Amino acid sequence: MLIARVVGSAVATIKADSLRGVKLLVVRSATPADELVGEPFVAVDAVGAGQGELVLVARGSAGRQTGPTQDAPIDAVIMAILDSLEVAGDVTFRKS
Amino acid sequence: MLIARVVGSAVATIKADSLRGVKLLVVRSATPADELVGEPFVAVDAVGAGQGELVLVARGSAGRQTGPTQDAPIDAVIMAILDSLEVAGDVTFRKS
Amino acid sequence: MLIARVVGSAVATIKADSLRGVKLLVVRSATPADELVGEPFVAVDAVGAGQGELVLVARGSAGRQTGPTQDAPIDAVIMAILDSLEVAGDVTFRKS
Amino acid sequence: MLIARVVGSAVATIKADSLRGVKLLVVRSATPADELVGEPFVAVDAVGAGQGELVLVARGSAGRQTGPTQDAPIDAVIMAILDSLEVAGDVTFRKS
Amino acid sequence: MLIARVVGSAVATIKADSLRGVKLLVVRSATPADELVGEPFVAVDAVGAGQGELVLVARGSAGRQTGPTQDAPIDAVIMAILDSLEVAGDVTFRKS
């Protein structure tokens, strides 16, 4: 799963019916030290993520494996909010 | 999902039977500020998107999760038309 | 779906049983103006595409959504032959 | 499947229900000679992999084909711990 | 499907149960003229491919569409051994 930061939000009134009520957030992939690296894209929020939070994003058909996204044309879902990341013995990120 | 702009259309008379009647649009990925960045590719339109509109494109098996694309050899579908995008507190795009 | 040109063909006698009789074509992704850009790869032809034709290729599980490719270890299928492409109001390709 | 090294771990209290109890490890893709090359990402551990081990990671829907990850929003799973790798007749890696 | 050459093999005693008995080969993507271009990765062999052979690799969920790989956490399978490749009228590869 992609380490990513929530950087914004998207609004779309005209959308596939199965997307009624889903929350669309703009995310960018980030390093374990919370530095932004990737291009922005949009994911459905399935866990109540807030702006600026470091999260995990599952892509592809995994995007449909949560309550709000089942059978929907979704290829990216926020499925976890990170408390901490440790790499090579160092804590590179801890949720403030 | 990919932020993309509708930049054109494609016509194909000879195609898989399950594609009868689907609308094929040419799209390019774009930044949240609506600048084109990606290579053109083709997606099925499931929401009535028009030329020049900023949309969301779901790819992979998600492409088959809308009425017109079920069980069809489709790996990209336009599943939302963006009203607005906000990044880092700034509204980077608003549908005119 | 990928805009691609048929650039060749592949022959494989030893292959998964479910691939008996399928036609394997070499394709390369192309711009809407029919210029080759991508690395060659192999796709199953599901619509009778010929050498040099500009086609649409669906990848991933979409590759299995046509008669000849159902339940086969296939991740790319030619599912349409392009008549024309229009981008930003200009016809960039028309089948000769 | 990706050759990758386990380089760290991730903790997320708030996550999709189906992820209760899964172990989240940070991995980076590596060469057959165990040199790190890729960006860090997170995979579920399905085989008891330890820090620093060279493993195989399956991505996409394959991520859901193990006991702990079934029907979960998971797109990457560690499904093997490498004993050895041989390339062009040379043993490029052997588990110490 | 990816044109690739078998360049080595991988051994993993500790692995997901569904992988018992599968043959793990190291492959690298190649040009139609059999020049290596891609990063090494591991695929399951479903057709008895040998070292140095030019093969076709299907990735993603297609990896599970062969007897040995059904329902296994596999995202890449060797599903054909190439006899020959022809591009732009030239035979670029013929199995010796």
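Chains: A, B, C, D and E, in written order; residue numbering restarts at 1 for each.
Just so we're on the same page, contacts are C-beta pairs under 8 Å (C-beta built on N, C-alpha and C of every residue); 3 or more make two chains touch, one makes a residue touch a chain.
For each chain, UniProt lists the protein as follows: A, B, C, D, E = Ethanolamine utilization protein EutN.
Just so you know, these numbers come straight off a predicted model, no measurement behind them.
Any chain touching subunit A that also touches subunit E appears here: D.
Note on chain placement: the centre of subunit B and the centre of subunit C lie 20 Å apart, centres being C-alpha means. In whole angstrom, the spacing between the mean C-alpha positions of subunit B and subunit E is 33. Shown for subunit E are the residues that touch two or more other chains, namely 60-61, 63. The ring of touching chains, read from subunit B in the direction of subunit C, comes out as B, C, E, D, A. On the side of subunit D, the complex with subunit A involves touching residues 7-16, 18-19, 24, 26, 39-43, 60-61, 63-64, 71-76. Subunit D contributes residues 1-3, 29, 31-32, 37, 46-48, 56, 58-63, 65-66, 77, 79-88, 92 to its touches with subunit E in the complex.
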